[in-house]
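A, B, C and D label the chains in the order they appear, each numbered from 1.
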């Protein structure tokens, strides 16, 4: 079932700036700081007020934007950029964003983070009316809806189009004369506004503001349409804001530790997740170690709360890239390691608590547990700073590379045996919400917990078959 | 003066294996784990007992060894490999190692980590006798010395040649029939031996053994020549071992935290350096943070000893590579950051202790201190887990990119003012030796501290002008 | 005025095959033989009956179709391919053909040779109705017209669309189930049909049939729509055929000498142009030489008719490609030559007749005349195997690189002085038509002579400003 | 036997210039005009009087010398360059010339056209004395011989070294202060001197002089050593000149038609070979055609002498390069052609005389004969403008790609049957020498005819096993 979604899921990063003489350069550094949100492809579209130019390609920010490429983008005063997540299937140059459309009357550039749940339905209707799509990206649907809007004013056509699409989305829409910024009615993806001199900057994460030296103003609101032009910015609501449902995974593993989401620092949130986990788990051990990079903060928090020394028990090789040659099965069996190495000098003869952010298929966890034991750990206790993932995500977290969710049909004790840990503990959903520390009276604290609970904040369309799972209460399994 | 040495300094990593059906593949993974020791170039030479094949190039391990390249290396049973440090000047394809020489009677492959201090003298003599050099690398001198050895037995010619070269060196020498392993008489560079099934493995750092699944046997001894062939290995001493002088910088910042050098784990050694520093510094503050990556361990140790929370106050962007476009001066002044970002959510309103491994020119330190203040730190205390570097290195640590040693002619108080810290504290040389924890009765504990103390363990040749510096006692400066 | 047309002119080559197990490979060799018709870019789209795959890129056939690329195209039974002419302006990956459009109900691939004269008008109307164009190529207009055809049958929609476009065009349209082949009502571009075993092949020139071993059946008719599918082919006329107007430049310089156009071999036609020219010119000289490559046949014909020896008086360097570094002005003045060299041993002390196919700006002719004089020619007589070009082409011959037509406002005597020839003779339009030897009672013999005469065979639209030029009668100028 | 020679044979092109501000650029254009002499690799070494810089690589002139590469070479006043022939085996970056050697006292750059017959013997001796070779090229032997020359003056050491090497050679030797030019005692390779303003130019063929605008002075003499420096040039003889033995293949197919060798224009020489062949062959036919490119001149001469029309019966595709994908056996059998196509419109129903320069293995000839018959030729008469090749070349003509000389053990009638011609006629050796038209009283006219006659002008060394062949008198076979 998850395979059906391949190539449609797009957890990405977007960045935009209006009114700066170095618009393309600033966007380059902004995208660079968002590179962790997508490594498949990237693009920058710039506008000089008269026309829109585009450079894009499949690869990293540092690969696509050569000195020559940057020269092509010079002279713009506004820009939007995009980094795209590597999905197994739906890749291809034409799907790299921003998408730019040229008309006899002007241009339209779009950058999108999120996933529409009714894209296929809308696309079918549009093709029936003679529209030709250039990409397999759901982003393009919005462009056709806007252009099909007939004789209405441009802004009204955009608002109508936004009200027709469903799902999780953060959009940047640039023409020669203005930049529109839109967030879905549930506010499922992070998107914030800042000021850089006289220019306005929008980005998926606030870390991009720090990197380019911009000053944070506020987060974009659910259902909001922001219009930025040479006169400044003004806000309109194109939809009634529903209750917010910010993706919890942004805190758990996706965002950068130096970003603030809804005003909460990600590193600190993760540290609190680790502390809460220590309170729930209560395990005796000699050292605490985290799986780099996303679990380091939680491990530090765990160690601090549990009073156990935090150590570098696992080292990540920084030089593993696209062109790394994976060891053959035979070499793996002989003990050749890839990305992670255990630090024998640290774990030998020790009872080790290994902190990770989540378990998807269990394969990686099993490999790390084995690795630690081979390096001499006498006990390996796995603690996870989020609840078991039992349900697919339809809003852009790439569950297509997170196939075969081990927790969807296995008990925690089963999983513990599969990964070979002495004990296995997941953080409770309640503990997670408390640790994030954003009180809004609701059970979710204003977050989307669908992958843990199966409660989706939006309607789900036919192709997205929904399975219900019973929640079990126990979060710990012991050997 | 340092500029004279450009291109001769070669801190690198070497890896060799004898007697394994996947010799080239194992070497690939071994070199990959040593990539931090050199990113300029890399090569692998393999022998199938009849001939020696070579693949090398300028770039990273993952860039040079394509699937096609690996196919060329298939079928060998022995291999030596090399990763080369990026020096400003003396680059070039021909200098990438291993160097391989083909004769009508067989081949000779060499890989070298270290730096010879009398290379120019020997090269001049050899050219006077009609020798033609192919490279500007000092490694080639050894090949000519061996070939000029006349009618003596091969092994004797190698021993004679080794006794003629001076400086820091770890050599791998491979022919169709055997592999020779040699370490300089002071043992200034790390080099260890392990077993992988029936095969023998040699590497600059033990982390390479863990990555390929090999079992550590022992370190190579100063002045030792190891001969490995199909009958196993045997050891001979080609020189009287002097007192050992292992480069202290290997512990402080160069080696990987999961390696053991002379039996001491690098992460743990760094943590002890941090603890010792906390004892010496005694600073009041709210958070401790380390400059990634090399100072993380010291910062954890400092925090633990001082009882102050350890936080991620600085984030390193993982995607900065060769092709990253540096921001212009104007963009830097507007606040665009490059590799490091401060974590505002962590440092704002806090008194911050910033741990770093060393200060060379001071420029980087000043930038980081500013960055932390801009992000809201109320105080910034810089603590350094090694003494001030006052003297150049002639043994391979690339002081050519470490020009203008700020501590060579400035007091600690001067440096503090330049970098703008509230206080600046260096670890004492005595504290450093104690923290490493290798007792041999000597003042240096068997290490080379020349860059701190100016006391060089070997003779220094004319071109290597030696300046004496007065040591000052005070290691701390306060605002 | 010509600059306005930049990027719209597309003299290209197309090739299609239906019903062959090696469809992509055959298309590769077919396109390779048509490479002279376009070097800017190339693409192949293949259909396996279920889906359409595309490989395309900017560059030569041998550059774009790597072994890996060909693997992607394997398994198809039908294919269409395209080579694109290098125009100064309107380049870009997205404009490389075939254009392939994917719908929820199937795919559509288009390859086009020619130029539409009402593309801008149609595009404006379609955008007004909400269509989004992906390219700046006029080829895409046809796709939108077909898709906008509402509920009519596919074939009828194609016929309607074809009747709406005006100009010169040869189209290949491939879906999963059939291949459509269409030629404009004046038959201005060459397009022929052949058989290869059980498969049908269509190509711009018959040389492609010889290269792939296919057997010529017949030429496609003006106004014809051919439908090829697994049942064979059938023909329909979508338009009343007007009098034919095959582009005369196809004979004069564009097509390959081994192709037959309308049953006439191009080499033989050129030889007859040369003979007719010799009859008209009657010049005394010692040697005849042709400007390689396109004027070799005419030169041989001239020599044969005039009884003067044919010699290689000019040599073309075969290795000049895109990456050749043009000599600076200063080096040119010192005598550095680029593509052509004179053969001193042949022309020294001789009266030389230099045969060329046309004069556009005169710059090249002047350079060659100078070159021959510098190499010792005592007289240089320039003879041109076509009349003076006085008018722009709107049908695809790239007059945008043929700017500043020297003959549009200069007399032949003026041109002679500018190029520095002893005499200059153009072939008469009447002689040209007679030499081609295709009698149809008309003045043009069924050809388009618009660039010589200003009489355009189709309506011309507003942007294509038409200038009338007086024809002068004299075709020869003497010093 | 020929396989033993693989990689040692080097028919190449060399170019040098002394005293010109654009030395590298001039060399670029010179090498470009010599590209036909070698497509495997190319290099340029420049000297600015203080140091020697080198750019080289595997590929064409237009591939290796990018704008960036040319920038590196700027500022020199002297340069030598090389284009290298593609041999099957002995390729590799390190073998690309010029070879440049750097010493503490200066540099030495070498470029070589030809082949030494005693290279292996000399190399063995030098390695025994401790020399290390960098390449498998025989060119390097000369460098070692010069450097081993002890305390003698540089010029004397060069002359001694030249007298030790045997075979065919043309050498350019550049240091910071002078350029030496040397030709073997038999003058087997072409090498000429010219003047360009105040600068001196040396090149393998005179076509290079025409391309760069230089004025021919004279040919280099057999056994001559020319010394060029800032004071002009002076000549010395390092060896007694034997009778000259210029390689006949330079005229027959290797050199460019616009070059003069020993004062004779190559195109004109080939035309005379064709005329002489027409006199000897006396065949009735309708058309004469040549195999492009090397046989075009001979075909024109044949047609003129025989009074039969010369036609383009065969077309060569200009776009076949290294990356062209050869058709599979199956596709070839279906009729897919590669480099050559027949011109059906020219040969259909005609008796065709096909002129070629030589037959090596017969495979190509058979393919072309078949091609012409398939295109409708009623008779195909093959005439060859040189005698049968019966013996290997040890002087640099790449017989390693000319393996299995069909004429070494087959009669002309056998060959005729194998290639399927109606008649097959070779030019007689006597006719060939007469046609070249250089009278020196000798039987060979001062040429090397060893491949035809087996009479080698120099001593041949052990590895170069020499087979004697009986000459048959008959040169024609008829069906």
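Miscellaneous remarks
As a working rule, a residue touches a chain if its C-beta (ideal position, glycine included) is under 8 Å from a C-beta of that chain, and two chains touch if they have at least 3 such contacts.
For reference, the UniProt names are A, B, C, D = Amidophosphoribosyltransferase.
Note that the structure is a prediction, hence the values are computed from the model and not measured.
Using the average of C-alpha coordinates as each chain's centre, A ends up farthest from chain D.
Once the centre of each chain is set as its mean CA position, chain B and chain C turn out to be 63 Å apart. Our note on geometry: chain A versus chain B, Cα centroid distance of 37 Å, whole angstroms. Chain B and chain D have Cα centroids lying 51 Å from one another. Multi-chain contact residues of chain C, defined as those touching 2 or more other chains: none present.
Pairs of chains in mutual contact: A-B, A-C, B-D, C-D.
Listed in rising order, the residues of chain D touching chain B in the complex are 93, 101-105, 120, 123-124, 127, 129-134, 136, 143-144, 147-150. Chain D makes touch with chain C in their complex at residues 22, 25-26, 28-29, 32-33, 35-36, 60-63, 65-67, 70, 196-197, 207, 210-214, 256-258, 260, 264-268, 271, 293, 296-297, 300, 304, 309-312, 315, 317-325, 327-328, 330-331, 334-337, 341-346, 375.
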